[in-house]
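Below: one structure, written as structure tokens.
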Amino acid sequence: MLFLVNIIVAGLLAGLMYALVAIGFVLIYKASGVFNFAQGAMVLLSALTFVTLNEHGLPFWLCFIITVGVLIVASVLIEFLVLRPLVNRSPDTLFMATLGLSFVIEGLAQLVLGTDVHQLDLGIPDVPLKLYGLQVSDFDLFTAAVSILLVAVLALLFGKTRVGISLRAVADNTLAAQSIGIRLPHIWRIVWSVAGVVALIAGLLWGNRQGVQFSLSLVVLKAMPVLIIGGFSSIPGAIVGGLIVGATENLADIYIGPLVHGAVSDWFAYILATAFLLIRPNGLFGEKPIQRV
Amino acid sequence: MSQHGTDVLTLDNVESVYGESVLALQGVSLTVPRGSIVALLGANGAGKSTTLKAISNLLGVSRGRVIRGDISWAGKSILGLDPARVVRQGIVQVLEGRHCFAHLTVEENLASGGFLRRPGRRELRRDADRIYDWFPRLKQKRHTRAGLLSGGEQQMVAIGRALMAKPILMLLDEPSMGLAPMIVEEIFDIIQQLNRDEGVTFLLAEQNANLVLHYADHGFVLENGRVVTSGAAETLRQSQDFMAYYFGDGGQAAIPA
Amino acid sequence: MSASKLAGTAHLGGTVSQAPRLSGRRVAILVALILIYGVIPIVGNDYWLNSLIIPTIVMGLAGLGLNLLMGYAGLISLGSAAFMATGAFATFNLLLRLPILPLPVVLILAGLIAGLGGLIFGLPSLRIRGFYLSAPTLAAQFFLTWLFQTYHWFSNNSMSLVISAPRLEFFGYDLSSSRGRYLLVALTAGLLLLLAFAIIKSRIGRDWMAIRDMEVAASVTGVPIARRKLQAYVVSSFFLGVAGALWAFAYLGTADSNTFSLDKSFQVLFIVLIGGSASLLGNFVGAAFIVLTPIVLDILVPVLGLDTYIDQGSIANIEPIIFGALIIFLLIKEPDGLASLFSRTIRALSIWPLRR
Amino acid sequence: ADHANEQLYPLFSYRTGPYAPAGIPQWGGIRDYFNYINSHGGIDGVKVLVQECETAYTLERAFECYERYKHGYQGAQVAALFDTSSGFDATISDEARADKLPVVSVAGGREDAVDGAVFPYQFPVLFDYWTESSIVINYIAKQLGGLDKLKGQKIATVYHDSGYGRDTIEPLAILAKKYGFIDIEIPVPDPGEQQQAQWQQIKQQGVNWVFLRAWGVMTPVAIKTAARVGFPSDHIIGDIWSGSEEDVKPAGSAAIGYKAVTVFPSGSNFAISQTLKKEIIDPGKSDLRDTSKFGSVYYNAGLVSAIIYSEVIHTGHEKFGNRPLTPAEGQWALEHLNITPERVAALGATGLLSPLKLTPEDHEGEPSAKIQQWDGHHWNVLTGWLNGDRALFHDAIFAKAAAYAKQKNLPPRPTLTN
Amino acid sequence: MVRDVSLSFLGVRALTSLSFSVAQGEICALIGPNGAGKSSLLNVINGVYRADSGDILIDDQLFSHPTPARAAKIGIGRTFQNNALFRRMSVIDNVLTGLTRQGKAGFLELAFRLGRYSTEQRIERAQAEDILAFLDISAHRDAIVGQLPYGLQKRVELARALVALPKLLLLDEPMAGMNKNEKAELSQFISDVNRQLGTTIVLIEHDIGVVMGLSHHVVVLDYGRKVGDGTPEEVRRNPDVIAAYLGTRH
């Protein structure tokens, strides 16, 4: 019984880690209706920058600030070189552009910062506290707190505020948004920068777990089903989706895996996500598309 | 006509293309004096919408662009200016065909129109109330998402949203489309009122020639991307030939009575 | 279907149907046919055929498969490679277990089996729309490749789970030389291209595009939505399945489920978007871009003598940067994909001799 | 044909992507060694031309590289192709057979290819995963105090869920049957960034030892997760691809005490390493951008490949004369390769390279490996060269080769005279 | 034809117990202020919306569980207020899509150009060309609809609805964005269709002049209820209608 509880708890905690990556996607989706494939590359870029600076002996906070600076510069460049020339193009095209972007970012990150594997130690103990036999560590609690804080802050920032409304307006109808003077470049720079910071946070926490290396950019694949279940446009949805995916995936690996001679978590989350969509075609919290005739 | 100083908006021999091949405007020149109401007339495909979008620089969306000529506003060229910049200069367009933010509520739609001026909460509310006064129908629907509204209601939202920006020059593309006669009247009353009381300038593309010439000071008639006739509204209205040729049998009977 | 029929109906990309045109186009097509089936097999050497031309054609065919689904019917798929894998594994097992079947029959059957897979994973599309469709298609991607990897029956219990081409012959004619494989690939692609033309020019293609452009209006107009969507999945997966079989056996010679990983699905997607969505020949142009760009970049470096200035590691990382930047550049400059660039060029060329 | 007097070594590298950290030091080792050899006039006077071809660890690009270099490069011939990913040698098997080009995979090829009669052109030299299983089990037995102590022990294999990872399922089943330990198989899906469930299961089942067959990011995550659930790191024995510096460093202090099998022991105290340090590294002629990688597991893996190629060429020279070898001559040389302990010593590679003797029938040589342990900064070798119980698997492996020959309808190879 | 239909969205009533009938072969105009429920009513009739209660009768037969597909099958054609064209397709392809449900040829026949393919293809083309000529848009046959001016798009949409010769044609503001001349032309055309083909037409239009000239029968909605029903003349004099819709000035 305790074992089962532990598996579920571990899954939930893992799910929060997925959610951290997923939130970055949600932000950009909300602002442009685009699935940003480059988010994984952003996670890699930010963690690599941070670690490299840290290895040069800079203090933690300074590394953080400089990395955020780098991400903001990157956002400005992306807006100027990629998004602006592609304004008003179909989401497919933009999705494609983000794929191209991910090549560029990954290449650049490796070119400048190297392909080495780095250790990243945030100094938070990752040893279980053994609370009532539960396998929960300080690090887990920290992750959970960060995720919840992040969701709260972002929900406030992008909720009913001016930025929030402008953001959704842009995603809804760029032409109309332009016609009333919303500055698309401005909005995009803000959103990409915030998404960059989210990527940094995700990168640090994941990097602490698995080391900072290229594979960080692959966590995207884990974020996909989370996003789908939560709904592409909902920040709280990312958290709920993360929890669902994390918990069920672990259970599936342990209880279904042995029946089929293999690890099932590769595909399990996607089948689950499909099942969810059959019931709620726009995810748990996603916005319904509106099309009146 | 082009007396210096009073001119606010001038288009000088503007040519524009879509997708590098369709020549939609072939040298359009026109002038919109400050404080006037100017009508842009013409059959389907004449280039009315293209002209308006060229001014607000929203052609890029449909892969069109201005290839020749100049557009200036208060003496300065606004050609190729970022659309948001154009709006900042006080030029706001209501697009043809009800472009609302479908997922935003009516209230949010209206609010978004006002953002540009960075008003306080209070002011925003007051401005919104003014719109609700003009279009009571919207007040009932203020928390409904705009995408679910009826066609006419959406048109009201689009116009209301543009009004929230308190433009100096308003470009209206077929404002009466899909609106009930009563509301059409209301809209033209608003236009007249804003023009008279606040000096707002209007450039209207409109199919209902009789109606618009009733309110306008001046009219330009487009055909195949060229200005073929222009003149004082009154003169155009009197010209039976012109009315009959472009807009059917013409005459006063066109306004339902 | 004869070549002359193709000449009458073919057009390059775009959705505009054009009336039969000046004979310049027919001449162009004839020249292309001679080139593809006559000249290339004779002059192409092993390297060109094996590593450049064959993969380009096969990936073009895969792009074609996805384009029918995505470009025409507007249904997004990130799982194309799964159906390619299905085709490859089906071909392998059919050839192995039913030795009496001739190769063309096997390829068709394998395509149909992939089509069946498409049908199953396409069912959710009746309820799910837009980018959310990535869920079932990714499920297909991960589930099917997992299936082929986990159950060793699919790879006939081979070590390392690799399947390899059992026999490539066509009525006694051995196709395993690079020339033979080229002809197999080029012929298959040619026939399937004709089929695709016929489909998209018919009511089916129109209905697909109608669904893509506006589903509600399509249903009001009387388009049988569910049936057409599923047909799109089946047809698309059929093409992908055949492409997968060719990829495995006419190109690589062997395959395992890693050959058809998510990366391959993305490549196919690239091809569609770079080549031009809703364009048939564009897929082959897109495939050429995807297949050749990395190689060209790799070959160019020593040719330009860059390797004396930059170390190998940097070169390896500069390549994806250039590749990514090229993609973005193309998206900005050629919104309709390379196909439109291509057809413009062709048009320019075909009127050029008449001009003077 | 301006390189006609040189011997080609086509290097199918991957310097970008998730596996680049494992690749780059290897390419450094290879290039540095040939650089050193060439600066001394080459192998018996024949210089080695290294041509690099980036594969990004994808099959298609490796395949294109193969096509590009199989007939040599500007006159330089290739005597044997050293492949750099285990997927590739399976893919290229038929092609290489048709092209009569020998393909060498150092410590990572398909087991059944040891049968030279069925696979004349494939050389999975030095090591295989079946033997590895046996070495690991033997080592555990030694820790316990004898093979008989294995009975009832719970030994879990945590493996990367792929063809590579599953390779040990069969031999472990055979071993478990023989020694009576309980064989628990736990798959981890690629890439393996999340293993909490698997390790909790291990803890819950009271597993005594873990054999970790990971790849890439899966290794550090496994080590860290083991520490989280409180599984002792010195009871985990990693596979040869889970035993490099890159694998343990990200795991930080959790990795102290962790052990791994190695065919390429790390260190820079081997005689050859010292020479290289003096002649290549210190003068700044190394291919390594980061020379701290010198002497790492992967760097030494590169060295081992380069040394073997040089010895193949050298062997060929003895029969065919001191000139570049053709693929056919390369095959002959491979099948007659004999790197004796004395020769290893002469090469300055004692302790780095185990002696290697190949024959037309046996394309692997006696597989052997060492066990090493991580102390937080370095790998320390705990044992000498260990040999597994190869005889135990002989029949099973050769039966596989025979089955392959049957499926492919391969004619039996004419008996080799020599 | 419409009996006791009610419709609500999240508690907001769009239609309240609405009943009226349209005789076979007549042109019935629906008018009313914006948001009165006119478009919603059309949506209920052809199954885009599901009514909360009430029935639709077609030819005195209960049209149960309407869905867009079934509506299309029994011969209800429709145009939309916000153009609902297939924007990336050519004009002719849009119109041909209107014929899609007529086709009998199966998938294989179409894919391999066998059997009924060529006859059907020929007939379809001819029908589509006829309708294009009829509506005077033949010149734009191969243009991409999304690039046409608004007014022409409306005509294409009408052509698509008409090409299959529906029994009942629902037109939602077909003349919005046209000038007087064009409206007159289209009115003529609609009345021709009605007279020559006997098509029953329900039409939403805000131009009272057009409504007067064209329709046999006018139904007025306000807030989802019927506030007027009768001949054009009756309706126009109805004080409720004037207050709610036409405005006092007229």
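Going by the order they are written in, the chains are A, B, C, D and E; count residues from 1 in each one.
As a convention for this text, a residue touches a chain if its C-beta (ideal position, glycine included) is under 8 Å from a C-beta of that chain, and two chains touch if they have at least 3 such contacts.
From a predicted model like this one, the values you see are computed outputs, not experimental measurements.
Trainee: From chain B, how many touching-chain steps at minimum until you land on chain C?
Mentor: Contact-graph shortest path, chain B to chain C, evaluates to 2.
Trainee: In this assembly, which chains make contact with chain A and also with chain D?
Mentor: Chains in contact with chain A as well as chain D: C.
Trainee: Just curious, how far off is chain E from chain B if you go by their C-alpha centres, in Å?
Mentor: 29
Trainee: Distance between chain A and chain E based on Cα centroids, please, to the nearest Å.
Mentor: Once rounded, the distance between the two centres reads 47 Å.
Trainee: Counting in whole Å, what is the centre-to-centre distance of chain B and chain D, each centre being its mean C-alpha position?
Mentor: 74
Trainee: Just give me the whole-number Å value for how far the CA centre of chain A lies from that of chain C.
Mentor: A distance of 32 Å separates the two centres.
Trainee: Check each residue of chain E and list the ones that touch at least two other chains.
Mentor: Correct list: 39, 48, 80-82, 84.
Trainee: Hey, what residues on chain B touch two or more of the other chains?
Mentor: 148-149
Trainee: Which parts of chain A, given as residue numbers and ranges, touch two or more other chains?
Mentor: Expected reply: 106-107, 110, 115, 262, 264, 266, 291-293.
Trainee: Name the touching chain pairs, please: which are they?
Mentor: Result of the pairwise touch check is A-B, A-C, A-D, A-E, B-E, C-D, C-E.
Trainee: Please give the residue numbers of chain E that touch chain B in the complex, ascending.
Mentor: It is residues 9, 12, 32-40, 81-83, 147-152, 173, 176-184, 206-209, 245-247, 249-250 of chain E that touch chain B.
Trainee: Which positions of chain E touch chain A when the two form their complex?
Mentor: 39, 43, 48, 80-82, 84
Trainee: For a test of understanding, state which residues of chain C touch chain E in their complex under the given definition.
Mentor: 1, 15-18, 195, 198-199, 202-204, 206-207, 209-210, 212-214, 216-225, 231, 278
Trainee: In the complex, go through chain C and note every residue touching chain D.
Mentor: 46-47, 50-52, 55, 96, 149, 156, 158-162, 164-166, 251-256, 258-259, 263, 294-295, 298, 311-313, 315-317, 319-320
Trainee: Which positions of chain D touch chain A when the two form their complex?
Mentor: Chain D residues touching chain A: 15-18, 20-21, 24, 161, 187-191, 193-194, 196-198, 200-201, 204, 216-217, 220-221, 224, 227-230, 246, 249-252, 289-290.
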